[in-house]
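What follows is a single structure, and I will ask about it in a moment.
Should a chain be cited, it is by its letter among A, B and C, assigned in written order, with residues numbered from 1 in that chain.
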Amino acid sequence: MSFFKVENLGIRFGGVVAVDKVSFEVKRGECYTIIGPNGAGKTTIFNLIGLLYPATSGKIFFQDKDLTSFSPHQVADLGIARTFQNIELFEHATVLQNLLIGRHRHRRTSLWQNLLFTPAVRAAELAQREAVEKVIDFLDLAKYRDGLVAGLPYGVRKVVELGRALATEPKLLLLDEPSSGLNPEETDDMAFWIEDIKRHLGVTVLMVEHDMNLVSRVSDRVLALNMGAVIAEGTPAEVQAHPAVIEAYLGKAA
Amino acid sequence: MRFLFKTDYAQDLKLFKHSGQVFWYATLVLLLLAAPFVAGEYLMSQLQFICIYSIVGLGLMLLVGFTGQISLGHAAFLAIGAYTEALLQARGVPFAVSLPCAALTAGMFGWILGLPALRLKGIYLAMATFAFNIIVVEVLTRWEGLTGGNAGLHLKPIELFGMKIDGDQSFYYLCLGLTILSILALMNLLRSPTGRAFVAIRDSEISASCMGVNLATYKTMSFALSAGLTGIAGALYAHKISFISPEQFTLIASIELVTIVILGGVGFIHGAVLGAGFLIVLPQLISIAKDYLPSGVSGAGLQSVVFGLVLIVFIIFEPLGLYGRWLKVRTWFELFPFYRRGMFRRQKSYMKSERLR
Amino acid sequence: MFLNQVLQLLLAGVAQGCVYALVALGFVLIYKATETVNFAQGDLMMLGGFFALTASVIMGWPYWATILFAVVVMAAVGMLIERIVLRPVLGQPAFTVVMITIGVGYVLRGVVTMVPGWGTDTYTFPTPFADGTFKIGGVIFAVQQVAVIVMTAALVTVLYLFFRFSKLGVAMQATSQNQLAAAYMGIPVRRVNMMIWGLSAGVAAFAGILLAPVTFVHSNMGFIGLLAFPAAVLGGFGSVPGAIVGGLIVGVVEAFAGRHLPEGFKDVAAYVVLLLVLFIRPSGIFGETARKKV
């Protein structure tokens, strides 16, 4: 059984081919990174996996289930969580409430029980709170817990995004440019967290990244894209030395 | 200054954050319970109206304030609740059954309206809701066989479990009880997964969906709950004025309902009650002011002008509404003398296109 | 015979539709520029009608002078409203701004009823076209209706030329697409917004004058403006030709519904059309769909 597989995935927006027959496979427990110049289609692939856009060709398989037969909100139920390149947090809620939304797929009580706030609901809420506190401990968010997201600095918001995704207890975590906008210390922290997520939480990580240091540090395998198509795949060292990749980023020698 | 020292998770689940809150709300409830014994008939009538409109306000607050949708047609649900109650009572159905039926019927229509709302946002949703309102009122006017058309329907006093509820006192307690239950239900919702899902939809639909919130289910649920609450208020309203006709539920009425939420403060439960109170009190103040107008100037337009001006002034200067102003005043006292100007200031932003929500 | 009847209804529908088209045009101008939906557009129309009435009846001016007077005065009123009421809320969510325009509508209606000499009465508006009719091949044309259609067409042409070729018109188009970028290009965005409101109010006044002979001038005249919503949505909110086309379609639908459907349907026909359009194709005939990039 393959853990996560993408086969000939493609999408066109009118005449523009944003993703062109991309295929790759992610093994369970590894950290797989997609790199490529801007406009290569990396975030589009994430949006296709999350079913935000309908693919015009190809298939996506998660634990041998065909994802394209599901709807966007069911993707989280299957165990896939994601962060967004431009942070999509709930601005007018506290950090705690944001993380608690991440527990939505673990809810057990019905609308009527909620309206009456039965003891079952109370017990469920306390259990969700425990689970979220574990994420808060993991990411050192304790002092921001009760603050409104709207007032937080950018670096902290990125961490809250990560926390919200972790709160869903995913099997596969999609990170969209986790280090963009972070200073070197924050990027260091992010690298440690990704390694911990991989090793201690047992979550498979699929990442889009630009920062090559971070990529080399945490990735097991790398996929390079350019103009929507695959140009190289392998370990970080192999891909960075690949002539097609160098050409895509730096151009050919004159 | 009061500091809340948290020692366990259950504290965050409590309805009242600290003993001070318990004291003040308990006092308020006691005063309200004692009202029939000290207040005159006129004040009792106003209190009943405030309760009824509070329930509508809570319904609208759920939809607009907590789920981020828009409804410029809520009077339609008030009408549906009122007419269901009137028609069922005329056929001998007891109040204990007809009230839930009014709520369920209104809720069902709310759910139906929620379905197309899934694809509509912002101004398009607003237009769909007011078109719905206009159509419902027209249907009620034309279907004379069922509704009596413009001649309207009369209602008899409520009979609940053998008791006649027609006096000021008993009807007031009924309204008050239902209002308190509605507030509790809404507060329960907000501290549960359902409420969080609503707030998530309000702030970012895309990421709510990615976290597993089924937008279709929750949006229609929000519409249905909101309409159901308004349906309950409609049934009470019908009994309060004993006579209903389609022209009481037009678009103008819907707009007045929305102002409850805006004037009270969008996103706060207290806002619904404060807004309802303000909406009832405002016309009284205007009537008093009419006497001071110079002769030759007709008083008919004064209500319209003041209403419009109040709305404009609130939106420009107090976007958080009456409850927002109260919060600011209370924070000033709590933090005295450390209150900083601009604590509640919202960020100035360029117009962000809502066509790309 | 049947064709004559159809043409007759078509004529009536188009004439009424012209008024809706003009009100919808006013909406769309403001929406394109500021993404505000102006619920007070109908009331601006009503106020324009009253100013024209005053010029005509009380001051005794000729028809064309009253049009000019009303349009200019309303343009000033529109600019004033934008400056005082709307500029403070620039940047707030659309719903908030809609509620402010609703408030403006209430104030306009209230003020009109309070002005001595206007009040709550209904007034007839004298026009040079009065009750003349002429016949072309079995279809009776009322001079009034033809005048409405011709004047609307003239105004639309003038506006088209204005937006296409004048500097201000192009600046308005730029502001409507991207405020921040327009500001960087040196366009005084706030002033342009103010002028768009002035232009919109002027168009509304024009519509009010065209409507006055049909509905008479009274303080609730503006409620017809609500029918412009289905028109604007049908045509595609944000599209100027769409507003015109939408208005004409709504006018025609109303005319045919009034003739062929039972009583009462005439009033709701436009809203049923609105709901259908919103469910099936919210972007309307000429509108564009866009989606957020995450």
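General remarks:
The definition used in the following text is that a residue touches a chain if its C-beta (ideal position, glycine included) is under 8 Å from a C-beta of that chain, and two chains touch if they have at least 3 such contacts.
These numbers come from a predicted model, not from an experiment.
No other two chains have as many C-beta pairs in contact as B-C. Set against the C-alpha centre of chain C, every other chain centre is closer than that of A. The chain closest to the protein's centre is B, with centres computed as averages of CA atoms.
Centre to centre, using the average C-alpha position, chain A and chain B are separated by 40 Å. For the pair chain A and chain C, the distance between mean C-alpha positions equals 49 Å.
Centroid to centroid, with C-alpha atoms defining each point, chain B and chain C lie 32 Å apart. For chain A, residues touching at least two other chains, in rising order: 52, 84, 88. Of all residues in chain C, those that touch two or more other chains are 294.
Of all residues in chain B, those that touch two or more other chains are 206. Listing the residues of chain A that touch chain B in their complex gives 50, 52, 71-77, 81-82, 84, 88-93, 96-97, 100-105, 107, 109, 111, 114-117, 121-122, 124-126, 128-130, 133, 164, 168. Of all residues in chain B, only 64, 70, 116, 119-120, 122-124, 126-128, 130-132, 134-135, 138, 141-142, 206, 251, 255, 258-259, 262, 296-312, 315-316, 319, 348-357 touch chain C in the complex they form. For chain C in complex with chain B, the residues that touch the partner chain are 34-35, 37, 85, 88-96, 98-100, 102-114, 116, 119-120, 179-180, 219, 226, 229-230, 233, 237-238, 262-264, 267-268, 271-272, 274-275, 278-279, 282, 290-294. Every residue of chain B that touches chain A in the complex is listed here, in rising order: 9-10, 12-13, 185, 188-189, 191-197, 199-200, 202-204, 206-215, 221, 267.
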